[in-house]
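Paired with subunit B in one complex and with subunit C in the other, subunit A is shared by the two complexes that follow.
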Partner chain A sequence: MKTSVQEIKDLTIGFQSQKGEQISILKNISTTINKGETVGIVGESGSGKSTLALAMMGYVKHGLFTISGQCMFHSNNLLEMKNKELETIRGRKIAMIPQNAGQSLTPNLKIGYQIDEALKLHTDLKKEDRDKKISELLNKVRLPSPDTMAQRYPHELSGGQQQRVAVAMALAGSPELLLLDEPTTGLDVTTQAHVLELLNFIAKDTDTSMVYVSHDLGAIAQVSDRVIVMYSGEIVLDGPVRSILKNPIHPYTYGLLKSIPKLTLPGLPNSMSGSQPQPGSIKSGCSFYERCEFSDDNCKIKTPTLEYINDLNTYVRCFKHKELTNQNDLNSQTVKSIENKILKNEILDLSNVSISYAKQKFLEQLFNKIEDNNPTVKDIDININKGETLALVGESGSGKSTILKSIAGLLKTKDGIIKFEKDKVLSNDLKERDNSYLRAIQLIFQNPDESLNPNHTVEEIISQPLRLYFGLKGQELKNKIIEVLDKVRLGEFYLTRYPRQLSGGEKQRVAVARAFAAKPDIILCDEVTSALDVSVQAAVLNLLQELKEDFGTTYVFVSHDLAVVRAISDRVAVLYQGRLCEIGPSKNVYKFPSHPYTEVLLGAVLEPDPDIKPKLVAEDIVEEKPPENGCSFQGRCPRILGDICKNEVPPWQTSESGNLIRCHIKIDDLKNQQSLN
Partner chain B sequence: MFFLVIKRILLGLITLFIVSLITFVGVEILPGDACTTYLEREAYGAALEACYERLGLNVPAYERYISWAAGVLQGDFGYSLSGDMKINDVLGPRVKNSMVLASASILIGIPIALLLGIITALWRDKMPDIIISTIAIFSMTIPEFVSATLLILIVAIWLEWLPGIVIVPTGVSVYELLPNIILPVIAISMIMTAHMARMVRSSVIQVMASDYVQMAILKGVPYWKMVFKHVLPNALLPAINVVALTIAWLLGGVVVTEVVFNYPGLGRLVIESISNRDLPVVQALAIILASIYVSINLIADLMTLMLNPRLKSLQIKK
Partner chain C sequence: MNNKKEKQKNILQKILEILKTMASKPSGLIGLTILVFHVVLAITSPLYVPHDYKAIDPTLMLTPPSSEFWFGTDSLGRDVFTRTILGGRTALTVTFFGSLIALLWGGALGIFCGLVGGKTDDIVMRIIDAFLSIPWILAMLLIVSLLGTTTLVLIPALGFFYGKGIVRVARAATHDVIAKDFIVSARARGHSNFSIIWNEILPNVRDAIMVEGAMRWSWMLLGFSSLSFLGFGVSPPTPDWGLMISNARGLMSFAYWAVLAPIFGLSTLIIGINLTADAFAKALGIDRSTKAPV
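Entry: the complex of A and B
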């Protein structure tokens, strides 16, 4: 018989609304975490998954309170414990690894001290033993030179390193239960894969139970034995990882899995309509009713309960789960393939572009010159045809957003020329650019919360490009705004809304509408779906594709998510440290990745399938600056040849499939060695 | 780090230079000059010439500026008009008296402000916070000349506990001065303390809501240890600059309060010399007040640099 570590019984947590109503964020949650088990809790933002994880430590955020239920940890209810008692459990018996390690490490304390603090509180070790233990822990989480590391402040480490420190700190008290709240969100793909691998190792090595909270089904698939799916504060599905991800019998999970773009499937994923209901808005019936494709009238009136399905060893909250049991088309071609009409004429041409963030010295400012031999972005040669979608991919620091900013004119280039429609040179200075060029190139930003003015209504936001570029006024302007809103499937009724009254997906639609209002030729998309939930992401991707087909717009699409890029792009350019590594048609790059870096990147992608493991080929070292000479990837390349890579900039080679690759390894060798992996 | 300190000091000196230029030019372009304002109706003929001669006003302006500036650099502000005294002798005791007043206010005000700020933040929205915050907002809104007058009315006139106005001569010792400064100190520090306490409160609340404090709680760090190790160092850092600004602002408050209490400090001297049209003294006071302002801000900047590990290592890297 398995021994349980924590038992949650009928837990309801909520807050008091301004009208005095009790509104619950978690509704009647019951589940058990067993010893040595890793449980993944998955859900979109607002599903209550973080609140649940915190409750498992007996912590309820300011403003929330426990309405009913218990969190039993070895027959003690954590939610009724005094702070003094909790202090002996937190960190010692149950430890937390937070979402954003960068913000969760106290900035004024050295990391050695912060780990030592946990050791002092939770062990009886003496000073020398503690020091030894600190190095041991830092070693265990695979941080280089543990002794000097302990002397550093949190801000002196990279994101991946900070996350490892957080893991080391959590392990300091050798807890029985580890809670991980989105521990890899915000890390680069390769770093993420490495951290997950480390967590898997620790789970096996120490037999610790883990609760892994994430919105990312890919990460969940890699670490969990069991998965709990949450929707609107309820558990809707709870069962073994394979049954949940391969045979999801709840419509929400089914829809969620279908809305994730996958590396193996080209084309756009299906989107799920609507968004999660506001807490307290559902009074009766199934909370997923509005968005469900399988629902009938019964679902609206009767509230489903959690039902145990013996065959699958799974709990499900749905009347219709039988209909889903035999739906086995998760990996079949229901995705919409994209077909762009690409014209032969070039619309944007970047030749030899270099961009430097180096601060100009006084003299250089006088002569208006930038002296920097090792600029952030160097030698970018890309041309884009009308109607094409070109994606720029790479990890953080690869210069992809920097290039977009330069095209938009927000950042001056150091060298090189950016041409629009073959012969029109775009000025380096935004003020010197003609209004018609400004109109022709529009930008959509990552985070609509920051790119939409919170004090403007949707009408004012969209009217700006229309007034600026077309001089529209009065009724004509209003009609046009409604027309544009219609295009992004937002009705007239949104006109008077402020951004804060919209959901994440709606906000990004407004941002898309604002870009399209200018009737642009090129739209620069900077991580436009990164801040969105998966189901919303699919909807925005589909919308972008439809608009493109209607207007023949050209997209330059920047993303760190290789699966999203796979779904939407015609051509991919892979960047490392501001230098191009490989460029070619998406289908070729994804099928035959030739450049070692492309291989590393693709290997680290997490698929929402527990049987597809990421391949970790290179160390996840973080390089602060691009190397001065030779190949940009020399520091991390698993297939480095030697001095030639360090001294000479690699030449461009063309592969059979038409990819351009910048590497010293001969094309044929690149391919041969690859098949060995 | 070293270069940054040098840079800050240089910037401060440039600021002072500009202030000196502005006050000098300001005095220059006023209609009339030191002699005509001083001599008034006798400002003609030999008397005026003699005055010009005595004050050195018969040379071009830039030469006067240079010799004046050179004097100031050596700590010599020249002569006052009204008393024919060396300005240094006039200033000396006044500076001392004002320093006593200001430092007493700071020494009492800052610790109280920190304490109140931290208490109100930690007991946020509970009784201690509600009471203290209400009083703080109240005392922030009353200008010091009103609170000073009220203090005189209540403490000195109705209760007869302390002297209402200061009637000691300018040159008395600090010890003799002390009983006289109680009321002025209360009047000055009331607003300053309230301002600072509010700042500290919001800064502590912000840090208490941060991820790293939540992390410390979840790590099992006892409450007060968390407050002292994880919260306060990070909360008080941004408060340093605000404290500096408040102290600098206190200079203005000192002027008003000194006049109300008839306190023989710099503030009263400012008012006196302006009404006496004693332009050399006004000029000297402008420079002195500006240098206090600049140096307080400089100290605050340097303290922030020293205490913030983020900034410290940033500078080392460069």
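Entry: the complex of A and C
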């Protein structure tokens, strides 16, 4: 018999609407967290997963209140305890690791001092013992040289290191239960894999129960023993990680898993239609009814209950789960393979492009020159063919967005030439570019909340490029806007809506519509799907592909997500510290031999499958500046040869399958070394 | 054409909604009531004044309040009630147009500086800083004594001096939106600076600037009354609260009524504008308490 740490009984949390109705955000949640167990709570934004995690600490956000139910920690109901009493539990018995460690650490206090504060509060140790404990904790989270680390300020650490410090602080009170709210979102792929591996180790080592809250099924798969899937404030699926991810018997989980692009399956994943219902809008029937591909009339009238399935040891909230038990097509799913008509004429040609963020000194300003021997982006040579999708991949700081900005003319290049349609040189200065070139190159941004003017209606947003480039007015303008909206599958009634009245996916569609309204030849996509939920991401990727097939547009697609890149691109360019490492057809880049950095990136990808573990080959150190001489990846390369890598810029080598790799190691040697793993 | 009418209707609806939100809290309701009362009074008072505001009668000098002279009379025997209800007219008109000018030039320059940044911004802001460091009353006195005290001098001069602060607020509000991707997007499309200011920035900073303008209005009113008090504002015999206070203050110990009435008029108007501006800010979702005034 396992001992339970926390037991949530029939918990309902909600708010009072302006009309005086009680609207539930969490509906009748019941679950138990056992000692030493790691539970993953998964759901898209708005599913109530964070509200649940906070309730586990006995905290209910301002404006919300507990309607019914209990949250028992051993024999205490956390939701009825006074703040004074909660203080003895929070931090000591239950600790939380927030999403963004960089913001949760006080910027002007040293790391050691901040951990000491946590120790003072949560333990009864004396000063000398605390000092010992600090280095012990920093050691435990695998930070190098703990004593010097304790003397540093948060901004002197990288994102991964900050997250480790947050873990150390949470462990200070040796809690029984650790809550992690999206602990690795926002970290680079390699860092993410390392942090998750560390958390896994700590869970096993200290027998701490952990609750992960995340939208990322890949991360959840790596760390959890049990997974709870939430939808619209309800638990829809609750069971062991393998049965949930390998044989999801709830249609929502099934659809979610199918909409995640995977490295092993090239092509675009299926998308789920619709979006999560607004809280309070579902009065009867299944909350997933609208989006479900298995539903029938019964689902609309009757509300399903959480049912226990013995063979799978799983709870499920669905009438139709039997139909899904034998659906075993998760890995043989029919993905749409992309077929782009690529014309062999270059539409965009970057030759020898370098970009520097260095500030011009006074004399340099006079001569309009930049002296910087070690620019952020250096020697980029890429040709892009008409109709092609070229992806730029790399971790943060790899210069991928910088290159996009230069192509768009927003950032001046230091050296090199950017040519459009073979012979037309694009000016370095946006103001000197001809309007027709500006029209030909359009941008789509990462976060539609920021890229759409909050005070404009959809009509005004889309009319901007139409008025600017085509001078449309009146009825003609309106017709054109409706036509463009229709192309991104949005109806005419969206015209008068403001961005705040749209869901994340709809906003990004409007952003896509605005880019396409200019009838561009090239669209620069800057992490266009990373702010979106997985099911929406798949829909946006599919939309981009369809529009491309209709208009023959060329995409330059920037992303840190290798699986997304795999799904949509024809060719991939891998960047590290602003230098190209590898470029080639995407199917080749994902096969060995590859550049050691590509190998590291590919190894760190988290697949939503508990049996595929990430390979951690290189350290997750963050380099602030590219090295002045030699190979850009020398600092982290697991296969470094020696002085040659530090002194000489590696040559381009062509592999037999046709991708270019910039490395000192001979192609055949690379192939042999990599096939050993 | 239909579109335009619809737009006008929308704007009207929005204004009504804002007014409703403002009036939903007691402080906002009180502020609005006081302000509306003062404005209505200023517009209509000439129609029903009981006495002639400039009729001097030495025999009636400093009579205490009575049924004939509700607020008593001043040192020249003029009716204080008549002069009080007329006394806000000049102040309100001058400061209303003054703050409008302040709002326009301050807002425009602030947004422009925030958008272009760099050297232009540096130079303009240092000039503004230099002006901010000069006590405005000294500069005002200089202008007024050189050019006279007509409203045509006072309105632009006050508008100029009270616009400096708005430049800073507008610039800061612009900095909040300038880094957003929709501005980058407009730049990349190749819109002109004017188009970016008009279409993309203005709708996002308008609220902040309007609230700041409302706040400056009450400050300017106080400033204008100070000028009158010093004898540089309205010229006698035109009734004005500042001037009335100035004339009656020496006799305060035995004829308190002559100074109390204009003080009451001036302070209620300023409190009214302040409360309204605060309620206006809250209705627009800008909380002044979290943003320090510049």
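To be clear about the criterion, the second predicted complex is superposed on the first by the 675 of 677 C-alpha atoms of A that agree within 3 Å, B and C clash if a C-alpha of one lies under 4 Å from a C-alpha of the other, contacts with A are read in each partner's own complex, and residues count from 1 in each chain.
Here is the rule we go by: contacts are C-beta pairs under 8 Å (C-beta built on N, C-alpha and C of every residue); 3 or more make two chains touch, one makes a residue touch a chain.
Every value quoted in this text rests on a predicted model; they were computed, and no experiment measured them.
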Review point. Just subunit B (first), just subunit C (second), both, or neither: which does A:H62 touch?
Key: first
Check your understanding: With the two structures laid over each other on chain A, which partner does A:S104 touch: subunit B (first), subunit C (second), both, or neither?
Key -> first
Check your understanding: First (subunit B), second (subunit C), both or neither: which does A:H122 touch?
Key -> first
Check your understanding: With the two structures laid over each other on chain A, which partner does A:M169 touch: subunit B (first), subunit C (second), both, or neither?
Key -> first
Review point. Which partner does A:N455 contact after superposing on A: first (subunit B), second (subunit C), both, neither?
Key: second
Review point. When the two structures are overlaid on chain A, which partner does A:M96 contact: first (subunit B), second (subunit C), both, or neither?
Key: first
Exercise for review: Mind working out whether A:L468 is in touch with subunit B, subunit C, both or neither, as first, second, both or neither?
Suggested key: second
Exercise for review: Over in the complex, which subunit C residues touch subunit A? Could you list them?
Suggested key: 180-182, 184-191, 195, 199-200, 203-204
Review point. Which part of subunit A faces subunit B closely enough to touch in the complex?
Key: 54, 57, 59, 62, 83, 86-92, 95-96, 98-100, 103-109, 117-118, 121-122, 153, 155-156, 166, 169, 173
Exercise for review: Would you pull the subunit A residues touching subunit C in the complex into a rising list?
Suggested key: 408-410, 430, 433, 435, 438-439, 441-443, 445-447, 450-456, 460, 464-465, 468-469, 514, 518
**Study point:** Touching residues on subunit B, where the partner in the complex is subunit A
**Key:** 209-223, 229-230, 233-234, 237, 307-310, 313
